[in-house]
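All chains are identified by letter, namely A, B, C, D and E, in their written order; residue positions are counted from 1 within each chain.
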Amino acid sequence: MLRYLAKRFLLILPTIFVPLIMVFLLLRLAPGDPAGMMLGDQATADQLAALRAELGLDQPLPVQFLLWLKGIFTLDLGNSIFFREPVMEVIPRYAGVTILLTLVALTLAIVIGVVMGVISALNRNNPVDRGVVTSAVLGISLPEFWFALLLIFLFSVTLRWFPVSGWTPPSAGLIAFGASIFLPALALGIRQSALMTRMMRSSMLDVMDEPYITTARAQGLPERKVIGSYAMRTASIPVLTVAGLAAGYMLGGAVAIEIVFALPGLGRMLVEAVARRDYPLVEGGVLTISLVLAVLNLVIDLLYAVLDPRIRYQ
Amino acid sequence: MSAPALLETKGLTKSFGNVKAVRDVDLSIPRGSTFGLVGESGSGKSTVARLVLRLIEPTSGEIRFGETDLRALKGDKLRRQRRKMQMIFQDPFGSLNLRMTVGETLTEPQSVHGLGRNDAERRARGEALLAEVGLPAAAMDRFPHEFSGGQRQRIAIARALATEPELIVADEPVSALDVSVQAQILNLMRDMQAEHGTTMLFISHDLRVVQYMCDQIAVMYLGEIMERGPRHRIYEMPQHPYTQALLSSVPGSPKEDGKRAKLKGEIPSAHSVPSGCAFRTRCPHAFDRCKVEVPVMHQLGEGQEAACHLLDR
Amino acid sequence: MRHSMTRLGTKAALLAGAAMIAGAAAAQEQGGTLTVGISQMPPQPDPVVTTFGINWMTAAVVCEGLFAVDNSWTPQPMLAESFEYSDDGTLLTITLRDGLTFQSGEPLTSADVVASLERFRAAAGIGASFAAVTESISAPDDMTVEIQLTGPTPIVPGLLAGTQAVIMSASSIGDASATEALSGLDCTGPYTLTDYRADQGVTLTRWEDYQPREEESSGEAGMKHAWADEIMLRLMPEPSVRRDSLVTGEIDVAMELPTDFYEQLESAPGVQPVIVANNQSLTAVFNTQEGVMADVNLRRAIYHALEMEPIMLASVGNPEFYEIDGSWIPDPNSFWYTTAGIDEFGQPDPAKVEEYLAASDYNGEPIRWLVASEQYQKHFLTAVTVAQQLGDYGINVEIQENPMANYIQMRADPTQMDAFSSFLPTYIDPTSIAYLNPTYPGFWTDPEKMELMAQLAETIDPDERKAIFEEVHALAYDQFPFIKYGTEANMYGVREGVEGYTTTAVGGYTFYNYAPPAE
Amino acid sequence: MTAADTQAEAREAIRAPRAPSFLQRFVRNPTAVLSFALLVAFALMAIFAPLIAPGDPMRVNPVVRFTPPGAEYFFGTDNLGRDVFRIVVHGSRTTLLVGLVVTVISMGLATILGLLSGFYRAVDVILMRFVDGLMAFPGIVLATAAAGFLGPAISTVIISLTIVLISPSLRVVRGQVLVVREAQMIEAARATGVPTGRIFRRYILPAVMSPILVQASFIFSAAVLGEAALSFIGVGIGPTDISWGNALTEARNYISQAPWIVIFPGLALMLTILALNLLGDSLRDLLDPRLARRR
Amino acid sequence: MSPLDMTAAPGAGTETKVVLEAENLGVALPIDGKYVPITTDVSFSVRRGEAVALVGESGCGKSMTASAIMGLPPRGAKVTGRLRINGRDVLDLSPKRRRALCGSEIGFIFQEPMTALHPTLRIGRQMTDTLCHNLGLSRSAAMTRAAELLDLVGIPRPKDILKGYVHQLSGGMRQRVMIALALSCDPSLVIADEPTTALDVTIQAQVLDLMEKMRREFDVAMLFITHDLEVVGDFCDRAVVMYAGDVVETATAAEVTRAPHHPYTRGLIDAVPGTGLERLVPIGGSVPQIGAWPEGCRFAPRCSRATEKCAIRPPLEGAPMPDVRCWHPLTEERT
């Protein structure tokens, strides 16, 4: 298992480098001056040049690239141009929010998806099922940032059940944290939960037709047990496999949600950092997201192995 | 055997990774005969079928088709050679292109091999083929899913006949069919073979079907041929313990001592073929020598051969 | 449009032993928490390292400079007790107030002032202007600072009234450069910085040992009340979020609201909009160095072709929030406010357009006009309305929209642009007006202007200076290196019960004078 | 004797009645018809936008700011006094254009590369590494970086969405090719001597065409959503062009005072995505040659 | 043996006790809103210690009948007629009580043990779930019992197997586990649905031997569902031949395999290649599609003996020959 883990982790590396290199090139070739963004409207040309030199932006591109590569391996991602702090210190502040948001949204999506999918499958073709299937199609078609706006309008502005926005870290109390993250997570998770509902439903329908379910029934096991521990056990495996994709989607989709709910997350930070041409920060952020995603996928792979003994990693 | 062999293999071997699916298979199929290859799952019989058709590349060994060295053929030459050798598959549903009409299915082999002068001629031939396999001409414009399993297998047979091949390899052609339909297809294939004089390599796990269809029979176990010979020798005086066990396991065969099972244990996996004689782990007569020495073929007369150390005694 | 203070405080003024024009309610006492929703936050509180004014907010509450600006944009002493120029006007001697300490407990001495000002001198923006006029800074004794000037100039107190020029203890500065941010602030202001999270907000706690000045509050100058026990600045980049949080009572003050929210805040219970009139000028700047716009007659033609009302309406939307006013200093309260050289501002004059166009070399070439994507309303909408109006005269504007990063880069390159949309706030001193700097994009280097600016820099008498500035102003209204469309107001919102908030463009961050609503 | 004999044996009729054509089945499927009709309606709206809602959609008219929906302004006006109806109608042009172009380019490339990749191992190994890399990374972030590079414009959105969406499409096509490649009909065709080119054309392409079509409709919907999301966060088409996502960027500040600014463009967006998703779903059912899908 | 034996009809002798009795059992499925009969009038009985074969080609309704007996017909199916298990009418039981019969009174052996055993649950867990639920054993007692059962069906190292998963076993082993599972709660009836079809011929022989042994040891009634008449002759006492949803002939296994009376049964025998090389006589055409049964005698369209009379559906009893649903039964003996 450990060897497998190590191998998987090494395999991640090339995967991560594709987006990193793309982003590096995109950014450095992009017009726009980080020094200008940093010093603002009234900086003189001399001051701009001095800052550029200080930031190493006057070096030729290949040199910058090599320095940056070297930085990755020495765990030194440089200093943020805007924050004037090491990227390694800036990123965690933002990454935590996004990761928590994604995890909560993912959990929400999986729970909603599994529950609704099972309910739907057990009521195959009756009004309950049709209701679930219809709302799932609607859910999949819901632009999450728009849905987020509607949620804010309904629950925060009109009903005042939740804070309008902003971030309350878990350290400030679980209830406050829950209240601040519920709507964003719901908005972020809604499409994925609809997808998972459909996936769970169809997977459940498939599994319910499997001979081993008939066996379980033929052994006299009560229906609750047949569904709860025999059918759902296998039916949820495909849901798990899409959880990795969903997590990736959410990490990206979090940008819009973070903007709408004013969460200090990585996605929003990246958009701002791109606007500010804060190269080291963008690159660090991309690296972080790729790593988080890779680790998440690894975890899902391992979970997959736990749930499905047919898959064994050597 | 006096008739010249149409298909001959020597030392045919195929490995997938470190799994030897087929080992040292020597076959000789006389022109115009039906040769049966029988064995349980994992015996490598289907792999042999694909090897002799060059659908997969052998690891080693020779394949001769008439005067042609099949292994020397490549690319377009090999493709053109295929006109002379066709295949019928187990699953008529999977082997037909569901998006092509029966007509297209039957004219395609002709057109790719340049048979027939024009489309009309090829279509006429297609209709004749359909009639031959017992389907109405109206079937030409239908799609495979509009037919029953038996009918689809008829279409597959018609397609195999379309290029007037010298050799047809049939891989479990009836095992997916109901008993009553199976008999139809077996009769059809026997008739076709009689009519066209086609040579046939017939692969099946069903000993009764093989007995019905084949003149020559080879019994395979774990990628090797255990015994081969003319039908009556194999069925009436099997010499290899495996053949004997196989025959007595067939339902409806007389039980001795109230038991059917001749063999203990399970078929070993192809990953761990036993040393010496591949069959020794299940053989009721196995002795020390079987563990270390691979038995050679013993000539037993009338072309019957078996690979067993017992025959040395 | 003019919203005056709702209530006048008396008791609080008595507490401080001085009169106040704007203050807290009669029953106001110290206590409570003031929560402010803010739109942006710098990564660190150090004001020296950034030229973006909005990022000075924290330091404006925590720190003080030698001078501070009053409501007429005139610098008044803050940490300084007094100051005087030498006879030749090249030496400025500043005496510090006695007995002041930093929040760390260290006493305020001239050494701290020298350290702070040396760092300020190396900073961009105003710091650069300061550096340009100073030879050296020295401390003859603990309470005295001497600034040796390069020549006679009156602008130093104005430059030192900015938040970038705040005085921090020398020990906290250490050897940090002007681009190296300090993580904390050790200053002399009424609040201490207790918590700073660049992604969330700031917590400021009242400093009990603060020693206020005794003059009445005016702008940033005078007495600082420090009503709230705690001031929390909460980062809320979305304006709608700040508004909604204000309405739901999560915050007491919502900074920087779009004027579109005005009616809504008016009608919402428990909150009210505050209009900061005369906040800034909306403008266009022309490339006077290269390209078609270098032609002064074309610039004149353009000015006379424009009708300002539709341009301002398109941009601002609500007529209550703008004034059609040509003064380059937008705030009429400012000493420097002038309309010299302007007649009939905002009205087109087709005859003059024809005349100047005929005099120009312009033949319908496209005018490359830069706007920043992030400034859709202020940049794009003004530009597009201008383009429409100019189109009637065959003047062909080609709007080029770019992200801010590219916009800043492109406008600095005289070969890449002919004009760009911009805006201009009120400055303490006209020499600070960025547009008048010859290296500022636009590159207005007219010799007459250069000469006038040099005089302005060296003249000390305020009235003489104003006369010179009016000449510059009139010159700009003849050569049109830039065009002003009008003056725009700003808006923020407060909850009912918040007292002492400012309504003037000067002193936008005087939260220490805001009294939180009673519990 | 044999022919007559086999005739007798096979005497049963050809089983099913003629299967209805794709078109017949399509027409009989209410979901397919409804979603298709909706898309056609949106397409017509885009094509005839200047006739349906004449005038410049970007024209600001501050005097009529925040007018609620009514006879003059069907969908009301926004904070700048722009006609929301006009914005919605004209916005469909951007949305559908981006969706269509992205779908055509990415599915076209994905099909070509997917076929190659499914058949040539070397191509496959390189391509899949690259695709894995792209997929290991949220598309929206990549698109943000690309937008920073290329500047806000429709072409930027098209390029970045194509880059982002080509990976999932390629995976689908390749997956299908790999499945089809293993199908026995391919072995049968090879055994018959059908040349490789013809196998591609007559066997593999038709077999992967259905999933490609289905995938295309989902890619279309993803592209529509992607354009809206990018424009919404401000890295899509710039504020000077019109799109539904763009319209929502500013509108989100006014949802409590003028909800119509948010509701109508969002609704149009959602209906388009819904129609595409439903079309994809029904295509998936309709294009299954076995017609045996339970659901 | 099972606690429900107490409810058995009084007076029934042990050796002749009827365990299963089906009377005009019919299953109909809803297709396009209409109930389509899949099987009709299926009547037969199985006694303790007896193996009865339900024979027929695919689509004849034999598996549907078996699922109806288990009480696990497909969704929406309508089951008609009468069904008695150990003397008790079970069709009227509530689903819950009906389910209670499964496992404890009826054991089930499926065709594909690979898919019939849960892929991601340990074998031990599956067996003990059954044992705990039906017999009220504790986990550890159930584990011991499960190991005993596995030992009984000839599985070496049962403890290890219990910790494993089905995919780790060979085909023959899987079917042994399946048999152990079916017998685990001491049922009085075991239904085996094509239990050897998926196995290789040598393994099939082993499994058949095992089933015979177990049948004796546990003294159960067995309903053996198969398409293979040869296996019937080998393994069963009596046979019920089904065609197109109907029982067409009921007789002893010997009679059915050697001297059948229904033309369909005869046709089946003739269609299988025997030791002789004479040409096979296939049944023409193919099995009608499920539910689309022909009017009258359902076999008539494929029958060489069909006459006009066959337009009327022959009864199982009262036709020319008892227990043969045919107007023109074969009377002569053929080898």
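Here, a residue touches a chain if its C-beta (ideal position, glycine included) is under 8 Å from a C-beta of that chain, and two chains touch if they have at least 3 such contacts.
Fair warning: this is a prediction, and the values are worked out from it, not measured in the lab.
A centroid comparison over C-alpha atoms places C as the chain most distant from chain E. Of all chains displayed, A has the C-alpha centre closest to the centre of the whole protein C-alpha set. Measuring from the averaged C-alpha position of chain C to that of chain E gives a distance of 92 Å.
Averaged C-alpha coordinates give centres for chain C and chain D that are 50 Å from one another. The distance from the centre of chain A to the centre of chain E, with each centre set as the mean of the Cα atoms, comes to 52 Å. Among the residues of chain D, those in touch with two or more other chains are 8-10, 12, 15, 148, 151, 234, 252, 255-256. Multi-chain contact residues of chain B (touching two or more other chains) are listed as 148, 150-151, 184, 187. Chain C has residues 238, 244, 374, 402-403, 405-406 in contact with two or more other chains. Those residues of chain E lying in contact with chain B across their complex are 57-58, 170-173, 200-206, 208-209, 227-231, 233-235, 257, 267-268, 270-275, 277, 279-284, 286-287, 302.
In the complex of the two chains, the chain A residues touching chain D come out as 12, 14-19, 22-23, 26-27, 29-32, 137-138, 140-146, 149-150, 152-153, 157-158, 202, 205, 248-249, 251-253, 255-256, 259-260, 267, 270-271, 274-275, 277, 282, 285-286, 289-290, 293-294, 297.
The touching residues of chain C, counted against chain D in their complex, run 238-240, 243-244, 258, 260-261, 263-264, 313-314, 316-318, 373-374, 376-377, 380-381, 384, 399, 401-403, 405-406. Those residues of chain D whose C-beta lies close enough to touch chain A in the complex are 129-130, 132-142, 144-151, 221, 225, 228-229, 232-235, 248, 252, 255-256, 259, 262, 266, 269-271, 273-274, 277-278, 281, 294-295. The touching residues of chain D, counted against chain C in their complex, run 58, 60, 62-63, 65-66, 79-81, 148, 151-152, 234, 238-240, 250, 252-257.
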